[in-house]
Every structure is written in C-alpha cells, then in structure tokens.
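In what comes next, subunit A is part of two complexes: it sits with subunit B in the first one and with subunit C in the second one.
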Partner chain A sequence: MNDIVSRYLEQFVAAGPDAGAAPPWLREQRDAAMAQLRKHGFPGPRDEDWRYTPLKPLAGKAWETAATGAADIGGIDDRLIAGLDSHRLVFIDGVFSSDLSTTALAQEGISVRPLSVVLREDAGALPDTIRGGIDARDGFQALNIAFARDGYVVDIASDSKPDKTLECLFIAATAGKAGQTRNVVRLGEHASASLVERHVSLDGVDALVNCGSRLLLGAGSSLDYHLVQTMDSGVNMISDTEADLGADATLRILTATLGGAVVRNNLQVRLNAPGGHCDMLGLYAATGRQHVDNHTGVIHVAPHCTSRELYKGVLDQRARGVFHGRIRVDRGAQKTDATQANNNLLLSANAEIDTKPQLEIYADDVKCAHGATVGQLDETALFYLRSRGISADDARSLLTFAFVNEVLSEIGVDALAEYLGEGLARRLIQHG
Partner chain B sequence: MSQTERELAPLLKRDYKEGFVTEIDADTLPPGLDESVVRAISEKKHEPAWMLEWRLEAFRRWEAMTLPKWAHIHYPPIDFQAISYYSAPKQKKLLDSLDEVDPKLLETYEKLGIPIDEQKMLAGVKVAVDAVFDSVSVATTFKKTLRDAGVIFCPISEALQEFPDLVRQYLGSVVPSGDNYYAALNSAVFSDGSFVFVPKGVRCPMELSTYFRINEMNTGQFERTLIVAEDDSYVSYLEGCTAPMRDENQLHAAVVELVAMKGAEIKYSTVQNWYPGDEDGRGGIYNFVTKRGACRGQGAKISWTQVETGSAITWKYPSVILEGDDTVGEFYSVALTNNHQQADTGTKMVHVGKNSRSTIISKGISAGKGQNAYRGLVKVLKGADNARNYSQCDSLLMGDECGAHTFPYMEVKNPSATIEHEATTSRIGEDQLFYCRQRGLSEEDAVSMIVNGFCKEVFKELPMEFAVEAQKLLGISLEGAVG
Partner chain C sequence: MLSIKNLKASVEDKAILNGIDLEVGAGEVHAIMGPNGSGKSTLAGVLAGREGYDITDGSVTYRGMDLLDMDPEIRAREGVFLAFQYPVEIPGVTNMYLLKAAVNAVRKHRGEAELDAMDFLKLIKEKAALVEMKQEFLYRSVNEGFSGGEKKRNEILQMALLEPTLSILDETDSGLDIDALRVVAEGVNKLRSPDRAIVVVTHYQRLLDYIVPDRVHVLAGGRIIQSGGKELAQELEQKGYGWIEDQAAA
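Right after this comes the complex of A and B.
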C-alpha cells in the first residue's frame, strides 16, 4: 500500500499545495496531512477500528481528485427529491457546480456557500477549529485534508433560521475519480437549521467519495442533519462527521445508507456543555456484495447531557454490515442519560453482521444502557400475514419495512422520509 | 462527596487476610527465561521427550510474539527475565500419605481454610482437593475414592508420568501452544496444575477442587489445568487462589482447557482472590489467564462461573467453542475492582454446531479507583442454524473515580441465529439505601444486601459452599472491618 501513498504524493505535488487559492494555514494543514499519510499510511486489517472492513476497495488504488471545473452531466431533475423545497448546492465529483445549484440565498443571517468560494473571498470567516492544526484520526482523514478543495460552508447567525431546508447534493459522475470534500456547519446561539447532505452517482461509475464534516452547535441551537447515500454499487465511500455541542444544544443526526460498494461512516459527537442532547439515527439496507460500516461515538464531556442512538439495518444476499457504537462518559459528566440500540435483520444465509456496542464510563451517577440484537423475520408474524392471503414476498416486504419504519418515522423532513421509504421499498421488493 | 459516598467510603476499606507468607525452604530456579529454563523444568518433572519438544516449540513461538496491548488495562512493562519460573517447597522424598507433607504447608492451607486433611473433610463437606503451592501440587485428597469411580484427578505432572497418552491426546487441543502471548509462555514453562479425566457415563461422585497459592517472592505461577469429560459424564470443578501481600507485582499466567464429549457436562467455578495490591495500587498479582472449553459432541455443556475479587489486574476470558449440535455454553461472572484494581474480563462463545445455545451473565462492580471492563465475543458461524445467545452485562459503580466499561463483539453469519445483548450501568441509589436503613438495617448490611442482590444471578450458579464463600468474600472486599 506504500505504493499507493507515493502515487498520492505525486498527485499532491502535481496539484500544488496552494491549489484553489489556499491561505497559508490551509497549506500548512495540507502539508501536515500529507506528511501524516506518508508516515502512517492507511489503516490495516490489524487496526481494531478497521478489522471488519475490507480496505482494498478504499485504499488499494490512488483515486484521482477531480480538478476544478465541474464535469457536465446534463440536468439533475431526475435526481431531486420530489416535494422537497430546498436551497441547494450541487457538487460534481466533489467540485461545486454553480449552474446546477439554486441561486444565492438572500436571507439575513444565513450563509450557505461552497468552500472554494469562501477560501477565495472570505477565508477569515472559517471558524478557528477549522483553521487550527490538524491531527487526522487515520489515513483517509489525512487524505481528505490534503486533497479537499471544495465542500460546503454553512453559517447560521444567532437566533436565525433558514426558511427552507438546506440541501447539499454530491454526485459521483466520473469513473476513477475521488470526490474529496470538507464541510463546515456552524450555528450561532439559539439558531436552528435542517440540512440534507445527499450522495448519489451516475450509473455504472466506480469512484471514491471521501468527505469530512464539522458541525459546531452554539448554545441553545438546534440542528437536524441528514446524511443520505443512494449511490450505485460501484462507488466506495468514507464519511467522517464530527459534532461539537454547546450548552442546551440539540443535534438530531440521521445516517442513511442505501447504496454504495464499501461504505464507512464515522460519526463522533461531543457533548461539551450541560444540557446538550443528541439523537443519532441510523438506517442501512444492503444487498449484493455491499459492505456498510457505521462507526459511531458519543462523548459525554459535560454533566446533565442526554444522548440516544438507534441504528437499524437490513442485510440481504451477500451483504455485510458492521456497527460500532461507543458511549463514553468522562469523569465529572454526572447525571448523564445515554442509550444506544442496534437492531439487525439478516435476510440471507450469506449475509453477515458484526456489531460492537460499547460503554466506557468514568462517572458514577449516570444512567447508561445499550442493546444489540440480530435476528430474522418472525415466523409466526409471517404465517399470520400469509393466512390472511398476503403472498410470502409481500409479507416479507411488509415486515421488513415495519422493522425499518421505526427510524423512518423519526425523520423530520417529510419529503425525505418518503423518498427513503420508497427507496427501501424498491430494494426490499427487488430482493425480498 | 455526596451523603452516600461518605457512607460508602469506610465500607470500601478492606483487609487481605490471606496475605501472610509461609516460611518454607523452597527449591527455586533463579530468575530468567531461556531455553535452558524450559529444559530444566521439564527435567525436574521427568517428562517424556515429546513434552519437552512441545514446550520448546511453545517457547520459540512466545519469543516471536509481542505483548498484547488491546485490553483496557494499564501496567508498567513486565520484565520476564526478572521472574523465577519454578518454585517448589523442598521435600526430602516422595510422599506416601498426607502425614508426610510438611506440617508448615498443611498449616498454611489450614489458615486459608482449605481442607486438605481428609479426616476433617470426611466430617464435613465432601470435596476432593488438589493443592498447588507456588509451582507444584502438594497434596491431592480422595484419590482412591475417585479412582474407584474411574475418575482420574491428579497433578498434571503426575498424569504426564502415569497417563502420558491421554494427556498428549488432549493437551493443547483447545488452547494451542501459540494461541496468545501468555498461553505460549504458559505452555513453555508450566510446572503443574490439575488433570481430570471422567470416563464415559460416569458422574463424578464429588466436587473436585484445586487450590492455588503463590508464596515465594519474584516467582510467577504458571499452572495448567486439563479436564476431559467423556460421553455422558459429569464433573464439577472448583478453583480458588490466594497469595501473600508483597510490594511488587507477581505474574500468574494459567491455562485451563476443558473438553466435553457427547452429552457430557463440565461445570467450572472459580473464586479468585489473589492479592489485589494495597490501597495505593502497590503490589498485587497480574492475573493473565487463558481459559477455554470445547463442547466436542452433540449435547455437550460447559458452564463457567467466576467470582473475581482479587488481583491487581485481571485479564481473562473463559470461552466455549460450541462445536457439536445442541451444545450449551454458559458464563456467569462477578468481577469486583476496588482501590486501583483493573479487570478486563468476559467470555467468547463460538457457535459452530446447529441449535447451540449460550448465556452470558456478567456483573461488574467498581469501587474506589477500580476500572472494570467486560469484553465478550459472540460468534455465529455459517453452519450454526438456530443458534441462540443471550447476554446481559450489568455494572454497579460505587464512587466517582471508578470506571465501568462494556465491549461486546457480535459476529453473526447465519440468518437463523437470534442474538441479544443488553447492558446497563447504575449505582447504589440513595433511595435504596434510605429504604433499607429505614427498615432498621445498618449501612453495612444494606450495602452488602444490595450488592449481593445485584450478584444473585451468578451466585446461584455456584456450588453451595462456594456461594457462601463468594458472598463472604464480597462482604470482606467491600466492608473491611465490618466483615
């Protein structure tokens, strides 16, 4: 794999560290990230955090980062969510496309811009946490920092709320390319917003999506964040989302994975001040030879915070699912209330699930619970439906749909819930 | 400090009453480990040539291995060259009966309340005991009664002389010599342990028990236990351990292998009370143990019950490989960490056979600055149709400086498997204490009652005498002066 790193290095040198009008701090970050990648390389199967995930599809090839200037893919009308009235930024292979995006938002206190534009015009506006030194958790994150040239930057001023759902649509369009993006969402005190980050692809494309997002929630703010992925079965994806919550902030985050080849979603939430609350919802439906790995962690740094996590997955054919969830309660984070559940449905003899729900607790006055289940459809329920004249396939689909509906029903954006429901139904009927 | 914490603080003090040292001449190898030490141990034991080869092979593997770092425990690096790998009480000649055992040794076991005097035992409980002092077995009781029933129960060193083929057939068949760092070390230098063989259809007439004691300074104890239960047999085996109070850390790296054939049942209970170190975390035993059982035949059952109250660090995962169809694996555990104790313990249940079932009940209690982790693996292989697992891990926290952690792993490759895992974390509530006190119970009794209630599901799996001892031990561990 060293060979791959040196090819990335060649690409890095060829692109120039200051590509895309990078301010000095960013050049330093990119150099540092590249140095880190050269030193440590990509994770291996012996890394505890990666033991269940095949690394070859992700790191066995030096994907090319798309140059500036988005590829022309014609229209995107058929990729929009029906009934979702949104303010939209569109990225092709990780590069902002102004033609396909909606026109700039003219609402006071709300700023939704591509990173490339912010870096060119207003780099000082990026939060300190983005501009500081970096310490990438693994090789993929380092790769992202070294190569990302675009992404979205959302700034919501105190007490403001966008009048529409914000949507960032990423389209993997070119074979062999890597869409590397960095995103920032910052909410001022008592601000609120709903954001949908979607990843889709053109048919038959093999590509890599490697995106990193930082969510910064000010005191009393509230963010509904949805990471939705419905790509073709040739696209590999790594997403890395880190959230920091201030006092009394609320984060509701959904990670829905319906497509892709090898998909790894990292999510880390820190509850830094009292009163914070976070809901982590997850949904994955995998078929074929898909591999879906959800790695989540919530850190209770401050007392009097609550967190709730519910991940549900359906695995069919030769699909493999991985769930890793960790609740950490730091010393002093008393009165924490944290729960975590991971439920899995295996529909085929060749499907596999590896689940690791974990608790790490250093405070005594806390309520923490986690649970995990793996099972199949209830035979008696199937029999009940069949005895009422419902075909075996329909009965299976109905019960499977009921299983995932617990998560769907909690999605705040109705049009999105409907879209996901339809996507799931299509998959379940197709393969049920 | 809240009201409850103030009340609990004095109760958490403990004395380690087994911490005395027996002054006895010992035949001890100088510290250090190389091939010659392995050869010397094998020679002292008059072992057959294949055994020496087996040890040397393990030693070579061990040399090539690196110390595992994944466990949630912290300790300074161990200098494996500073440990003596063999220590035996000096004996003039071979023993014919208990009367010839050094009275000092008998006294030691008497102090510990371990009945190796058959006379006394006849009057009371009927348990056959094999006592292991530092590295060697000093006495095994009730040998004759057991032989009459067809049961072999003797030190493994003796078994290597008397039944070498039997030992050779099973030794390392469950825990291969290169299984992990400490198992490889054990395979190279183990000096004694117990061997149990229960023939087909025999229900072992009494509980078997081994008592382990570390006495010498700077020694490590490496014992190896091998239990084989043939078709449709049954055996219940108990294990207890203590060590003197010393300022330095001592290493205990044991290997236990269980083999249960068709329809056989093995029940293995441990009450582990190695010296845990003092209040500031000085001294104590490093307990790095590999325990694994294989349910080889249809309907075999292996049940592990453990009460872990001692040791500075506990690192053990009694496991069951459910190879046969309809096999059953059970794991019941209470682990207590107080002061600076650390425990990373749990189990592995590997479902291979159809309709195999496993149950995991783990209760962790953390007090003082103790860190307690449950780490478990439930693995369902492709052919394990209708495999069933239920896991429950509860943690009780006493004090705001301790930690309780849960790291379960579930790997499922069969859609007909049903796997459930639940974990909770809580503490002794002020309302619970208040309720008990209001009904006239003292604080000590209330705490002890709540803790015992918390552990009840596990204690009820222990043989009666052990359950009583375990309850007492927990009482002592938490109550100190009151106990």
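Right after this comes the complex of A and C.
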C-alpha cells in the first residue's frame, strides 16, 4: 500500500498550496497530516479497529480529489426529499456548487457557509479546535485533512435557532474521485438546530467519500444531527464524526446507512460537562455484498451525564455488518447513566454481523447497560399476518419495518423518517 | 362447506392427527371438545395453513377447493379465519395497520376497491364498538401488552372485520371474564348466517350456552371419537372424557 501513499503524495504536491488561499495554520495541518500518512500509511487488517472490514476497497487505490469547480450533473430535483423544507448546501464530489444550493440565509445569528468560502474570506472565524494542531486518528483522517478543501461550516449564535432544517447534500458524481470534506457545526449557548447531512451518488459510479465533522455544542444547546447515506452500491465511504458537548447540552445523532459498498462510520461523542445528554441512533440496511461498519464511542468525561445508544440493522443476502460500541466512563464521571443496544435482523443465512461492546469504566457510582441481539424474522408472527390475508412478502416487509421503526419513530424530521422508511422498503423488500 | 377426510398429520415424525373425518355444512356451528393435547389446535393450524406439519394422508375440501394446496393468505382471502388460541404479539405494527392491510387484502382478492382511510376508520369504529373494544387498542402494537382477554377480543374484532365464511375459534373463550364471554359470543352470533360456518374449539360447556352448536365432536388421540348434538357437551361437562375414551377403546 506504500505505492498508494506515494501516489497520494504526488497528488498532494501537484495540487500546490491552495494558490495562497489557505491560511498558514491549515497548510501546516495539511503538511503534518501528509507526513503522518507517509509515516504510518493506512490501517491494515491487523489493526484491531479494522479486523472485520475490508480495507482494499477504501485504501487500495489512490482516488483523485476533485479540483475546484463542481461537475455539472444537471438538476438535483429527483434527489431531494419530498416534503423537506430545508436550507440547502450542495456539494458535487466534495466541491461546493452554488448553482444547486439555496440562496444564502438571511437570518440573524445563523451562518451556514461552505468551508471553501470561509477559508477564503473569514478563516479566523473557525473555532480554535479546528485551527489548532490536529493529530489524525488514522491514515484516512490524515488523508482527509491533507486534501479536503470544502465542506460546511455552521455557526448558530447563542439563543438562536434556524427557522428551517439545514441540509448539506453531497453527491458522488464522478468515477474514480474522492469527495473529501471537512465540516464544522458550532452551537452557542442555548442555541438549537436540526441538520441533515446527506450522501447520495449518481448510478454506477465507483468513488470514495471521506468526510469528517466536528460538532461543538455550547452549554444548554441542542442539536439534532442526521448523517444519512443512500448511495449506489459502487461508492465506498468513511465518515468521521466527533462531538463535544458542554454543560446541559443535548445531542441527538442519527447515522443511517442504506447504500454504498464498503462503509465505515466512526463516531465519537464526548460529554465534557455535567448535565450533557446524547442519543446515538443508528440504522443500517445492507444487501448484496454491502459492508457496513459502525464504530461508535461515547466518553463520559464529566459527572451527571446520560447517553443512550440504539443501533438497529437489517442484513440481507451476503451483506456484512460490524458494530463496535465503546463506552468510557472517566474517573470523575460519577452518576453517569449510559445504555447501549445493538439489534440485528438477518434476512438471509449468508448475512453476517459482528457486534462488540467495549466498556471501560473508571468511576464507581454509575449505571451502564448494554446488550446486543441477532435474530431472524419471527415465524409465528409471519404466519399470524398471513393468516389474515397478508402476502408472505408483505408480511416480511411489515415485520422488517416494525423492527427498524423503533429508530425511525425517533427521528424528529418527519419527511426524513418517511424517506428512510421508503428507502428501506425499496432496498430490502425485493424478495420472492 | 368444509369436508375433512381421513386427515393425518405429524410433527417431526410424531403422529398427532390420526384420521380425522368431519363434515361442516353451510350455516352450521360445530363445537370440538377434547382433552389437552388431543390435537385440536393442530387441526385448527392445519386448516389455517400453519407450517411445520407433515400431512401424511387424507384431504380437506373447502367450498370445492383443495384447502391444503393453498397458501395461508389465500385461505384467508377465500374466507377462512382462525382465531388463535395464543394470539401473537407483534411489536412495532399497530393494530390499525394490520387490520387495514388485512381488510384490503381480502377486498382486493374479491375484486373490490380498497377502502380509503376515512371509510376504513368508519368501519373499524363500528366493529370496535361491537366487540366493546376501546379505541386506544387500535393504535397500540398488535397484541403487545394486551391482557389475555384483550387479545381474545382482538381476535374477534379481526373476525368481525373480515366477515369470514369459515371461522375457526380455538379456545377463544379461555381466560375470558363473563362480560367478555358474552361480547365474544355476540360477535360470533352476529356472523351466523346460512352461508357461513363456524367451528368452535372449547373446553367449556358455558360458551355453548351462548353459541349454540348444531353438532358437538370429541377429539381424543388425534381422532374424533364421538359426535352428537348440543346435549353431548352437557354430558361431557358432567362426566368428563373418560367414559367416551373407554367406549372408543372397547
């Protein structure tokens, strides 16, 4: 794989130093990330964190990062979610397209901008956590830091709330390209927002999406964040989401994976001050030879925080799933209340799931519960439905839907819940 | 309407039904009684199309059709209804959704237009009132957390909605309080008509005071060992099954 890294290095050098557009700190970050990638390369199958997920589709090829200027893909009407009234930024292969985006928001206290614009015009506005030195978690994150030139930057001032759902739509459109984006969401004290980050693709494209988001929640703020992926079966994806919660902040985060080839979602939530709460919801539906890997972690740094994690997956045909759920409770985090559940439905004898909780508890006065299940559709329930006139196929889809509905019903954006419900039905109910 | 001839069925090589013969004509109500484990639910399950049984011999004809050759959903659409001895809980599927899907599946099969939300709501409210079921139960997951009696009532609600031609009630009376028993019986009696038939499986004569059967059969050891009029049920209530089993053995 060294060969791949040197190809990336060539690309890195060829891309040049952003024609002077990048602030010095960012150039430093990129150089450091590239150096890190050269030194450590990409993770290998011996890495405990990558034991169950094939790396070749992700790291076996030097994807080209799209240059500036979004590719022309015609319209996006058929890619919108019916009934979702959103303020929308659109990115093609990771490059912002102002033509396809809605016009700038004119609401006081709310700023939703592409990273490329912020870097050009207002780089000082980026939070310190973004501008400081960054130690990339692994080769993919290093790659992202070295190459990403766009993404979204959302700033919600204290006590403010956007009057619409914010939507960031990423479209993988060109074969061989890597859409690499960095995103930042910052909520001031008692601010709130609902954001949908969506990844779709054109049909038949093989590409890579490598994206990273930092969510910074001020005291008392509340964020509903949805990472929704419905790409074609040729696109591989790595997402890396890190959230930091202040006192009494609430994060509800949904990671929904319906499409893609090999998909790895990293999620890390840190509860840094008392009173924080996070709901981590996950939904994955995979079929064919899809591979979906969710690596999640919640770190209770401060006392009196709660976290609740519920991931549900449906795997059909030869699909594989991986769930890794880490809960760490630091020494000072007394009165932590953390729960974790991962439930899986296997619709085929060839589908597989590896599910693993990892609890690291260093405080003594805490409540931690976790559980994982793997099962098939309930035959008795299937017969019950059929005995009422419902066809075997409909009965199966009804029970499958009932299984995931526990997650769907918690989604605050109704149009999104409906869209996901329909997407699931389309994807999974192709039996018989 | 229903003609069962020499029906034999087994589960995992264990013979459970050992040659059942039963004729149920249109307009008739038949009661099947018999000791625990004698095969009553197995018979009901075989008629409704439950999987897992090997039919080793015999035939079942329903309105001229080979019933055993039909998928469970086709049987249901053709008017066969089984009220389960143990109704199944289905978390995440609302009662309302199930009922609507069921009604529309049957209507579609008959070539009728599917009911829209408004018409369905009207129909369901009427039927829920008939079985004295509170509307909140319609919006709960199917049978989830229902008490034993509520589950049975829910079966009758489904029956009332689907208006089956052949209803098979497997111990729908077990676990019901007196009021619920009356409600269930009324629901069943409302369905009685010259072109419908009803088979009730029960352990208690009490139900048969409300739903008066034309014929009573005793099922034991996977066979019908005695048949008679409604007075047979009274005799069983007094004397138990021993005397018939002895007679049959002799």
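Simple rule for what comes next: the second predicted complex is superposed on the first by the 426 of 432 C-alpha atoms of A that agree within 3 Å, B and C clash if a C-alpha of one lies under 4 Å from a C-alpha of the other, contacts with A are read in each partner's own complex, and residues count from 1 in each chain.
Criterion: a contact is a pair of C-beta atoms (placed from the backbone, for glycine too) under 8 Å apart; a residue touches a chain by one contact, two chains touch by 3 or more.
Bear in mind the structure is a predicted one, so any value in this text is a computation, not a measurement.
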item: Contacts of A:Thr129 with subunit B and subunit C, given as first, second, both or neither; value: neither
item: Which of subunit B and subunit C A:Ala381 touches, first, second, both or neither; value: second
item: Partner chain(s) touched by A:Ser6 [first = subunit B, second = subunit C, both, neither]; value: neither
item: Touching partner for A:Ser98 - first (subunit B), second (subunit C), both, neither; value: neither
item: Which of subunit B and subunit C A:His370 touches, first, second, both or neither; value: first
item: Subunit B versus subunit C as contact partner of A:Gly389, first or second or both or neither; value: second
item: Of subunit B and subunit C, the chain that contacts the larger number of subunit A residues; value: B
item: Contacting residues of subunit C [partner subunit A, same complex]; value: 48-51, 71-73, 75-77, 81-82, 84, 87-93, 97-98, 101-102, 105-106, 109, 141, 158, 162
item: Subunit B residues touching subunit A - in the complex, by the definition given at the top; value: 70, 72, 380, 382, 395, 397-427
item: Parts of subunit A lying in touch with subunit C, wherever the complex brings them together; value: 378-381, 383-392, 394-395, 398-399, 401-403, 405-406
item: Subunit A - residues contacting subunit B, complex; value: 48, 52, 331-332, 334, 344, 346-349, 351-376
